[in-house]
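In this document, chain identifiers A, B, C, D, E, F and G correspond to the written order of the chains, with residue numbering beginning at 1 in each.
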Amino acid sequence: MEYIYAAMLLHTTGQEINEENVKKVLEAAGSEVDEARVKALIAALEDVDIEDAIQKTAVAAPAAAAATTP
Amino acid sequence: MPHVAEWKKDEVASLKKLIESHEVVGMANLSDIPAPQLQKMRRSLKDSATLKMSRKTLMSLALNSSDKENITALEEHMDGQPALIFTNMNPFKLYKILEGSKTAAPAKAGSIAPEDIVVPKGDTAFKPGPILGELQKSGIPAKIEKGKIVITNDKTIVAAGEPIPRDVASILTRLEIFPLEVGIDLRAAYEDQTVYTSDILTIDEEKTLADIQKAFTQGLNLSVEAMIFNKESVPVLLQKAATQSLNLALNAEILNSKTRDILLARAYAQMLSVAAEASAKDENAVDDEIRE
Amino acid sequence: MEYIYAAMLLHTTGQEINEENVKKVLEAAGSEVDEARVKALIAALEDVDIEDAIQKTAVAAPAAAAATTP
Amino acid sequence: MEYIYAAMLLHTTGQEINEENVKKVLEAAGSEVDEARVKALIAALEDVDIEDAIQKTAVAAPAAAAATTP
Amino acid sequence: MEYIYAAMLLHTTGQEINEENVKKVLEAAGSEVDEARVKALIAALEDVDIEDAIQKTAVAAPAAAAATTP
Amino acid sequence: MEYIYAAMLLHTTGQEINEENVKKVLEAAGSEVDEARVKALIAALEDVDIEDAIQKTAVAAPAAAAATTP
Amino acid sequence: MEYIYAAMLLHTTGQEINEENVKKVLEAAGSEVDEARVKALIAALEDVDIEDAIQKTAVAAPAAAAATTP
């Protein structure tokens, strides 16, 4: 999941989601980086509209909150 | 009144006395009420109203001899088998009570249907026999099913305002459908110089209820809109404030005890969503943990 | 939520949402003010159109929860 | 809404919602205080459980949402 | 709500919503009149189009939130 | 609606909703009172639990609002 | 959301969510770090079992997904 979080972080800060940046973030988070996975992720995300995917779930999060409200 | 019998004079005098001693005088029609039912209604009215049947001429004489202004207008409402009702209760309430005490009665040949008479679909108590033909002849869709006569569809057999045919009346009674209403039919009521006819006396309780709710809603709306604080508007305003505050905190991503879990959950859910789309392109783009 | 309420209060009265004002309001409400949280609040609100953020339904999500709740 | 926010602020900080406190908070927020409205607010709050009213928001929203879900 | 009902009553009968009239109605209804609240009522209603305000759905707040869920 | 408002006012102030009181309120509001309507109102309200009707509104309102929102 | 993503990232990689780490991650992602917001983040997350919060979502998230799928 850390790979995805790294990508989302870069997306949010407006940085390019490329190998170098993803690795930098992951390393800063103390993660051992699997190069192959980074490559696969970047390739896969090329066709993904991250903003769109994030918006879709705007619903999900508070749902949890509501669900836990007594 | 030279040729009037003594008992008639007495009756007029007693009616007049009742007219003078009650605030409300009603004119009712007692047609079609079976005697036992009338007895029962009389008894139930005993404490609140007095019902007097008499000849039309005697009632007219009594009304005309009264000092009450405009009370003779009640004469116009002597229909069927008229009777006078005396009470001190609000005429609208009297009307409501009388309407409420009406009971269902069997169909009578030639009676006018007060509303659409519908034979509902479903099982009947009848075993197969000649009754099936009678039902069908009256236009009721019936057939035999599992040893019983069953009505296959709802059927409006007499439309409102139409007379009930003889054969239909008998079928309805056998089906235990009682489409008529009998009871004391208050045609008009006099109080304080005014004669209220039955159409005016009809109270639409549902509308009153709806109006109460409307008044409350309007009051609440106005209170909230004008920020007038009362115990109804303040909870709404508090909710509004709480919702807006929560919106602001969540949209500005401000972490506090209320927003924390929501924001964490949101981040996680967003991650899952992005992961789902990424793995749809290439399974290897995400780790096993997510794929499960 | 007191920091948020303070911000909403200032927003409603048309005052600027700055450190000084937020602190003043919180203190008037008898709250012990945590400077860091005030600073964080203001930083977080800096790029936010408050009027917009107030109306935007972050709480809408319970929808999802409710919808799936049997 | 400033009166409402002032009340919520005091509620959150655990202070008593009385005339004096509400006025203090409103004044700190730069608001011109209308004594009559403060009185009306406090009178109204006597019969209202703030915590309850706020909680209902969370509950009401999903319910409403559910109604719209096809 | 008695102050509101008094105002709505005067509005409906076409009378002016002023202190004197509101008091007269409230007293006729057996209410102990709080002058300050009457004043607050009149001040609050001054800029309000009553006809308009009674139609606006106050309770829609949470509902509206839900309604925006995609 | 003035007859209803008068009744609601009396209900709120805890007075009996009878002919005399309704007339008094309406007259105070400058209304020409139609006796028949007053009588009809009182007869109609005799079997209506106003508090109950109000409670039902309060519950139904948000739901209804949501339901009608496209 | 970058602050929250950073926290989640650290949580996922098993690193401590402290000022230093959060800043390191944010800086690696090219974000200008606001110290106050970092402090507020850490303070807010201090007593929180992130796994717990996530578990709550784990249920809600797919539910939400289903609910929003036309």
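By definition in this document, contacts are C-beta pairs under 8 Å (C-beta built on N, C-alpha and C of every residue); 3 or more make two chains touch, one makes a residue touch a chain.
Keep in mind that this is a model prediction, so the values were computed, not measured.
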Hopping along touching chains only, can you work out the least number of steps from subunit C to subunit D?
1
Higher C-beta contact count, B-C or A-B?
A-B
Chain centres computed over CA atoms; the one at greatest distance from subunit A is chain B
Just the number, please: Cα centre separation of subunit F and subunit G in whole Å.
54
Distance between chain centroids, defined by C-alpha means - subunit B, subunit E (Å)
32
Using the average of all C-alpha atoms in each chain as its centre, how far is it in Å between subunit B and subunit G?
59
If a residue has to touch 2 or more other chains to count, which residues of subunit A qualify?
1, 5, 8, 56-68
For subunit B, jot down the residues that touch at least 2 other chains.
215-220, 227-228, 230-233, 239-241, 243, 245-247, 250, 253-254, 256-257, 261-263, 265-273
Per the touch rule, the subunit D residues reaching subunit C in their complex are 1-2, 5-6, 8-10, 12-15, 21, 24-31, 57-58, 61-63, 65-66, 68-69
Once bound in the complex, which stretches of subunit F touch subunit B?
1, 4-5, 7-8, 19, 35-36, 39-48, 50, 53-54, 56-58, 61
Which stretch or stretches of subunit B touch subunit C in the complex?
241, 243-254, 256-258, 262
Listed in rising order, subunit E residues that touch subunit D in their complex are 34, 36-37, 39-40, 43-44, 61-63, 65-67, 69
How about subunit B: which of its residues touch subunit F in the complex?
90-93, 95-96, 192, 194, 196, 200-201, 203-205, 208-209, 211-220, 232
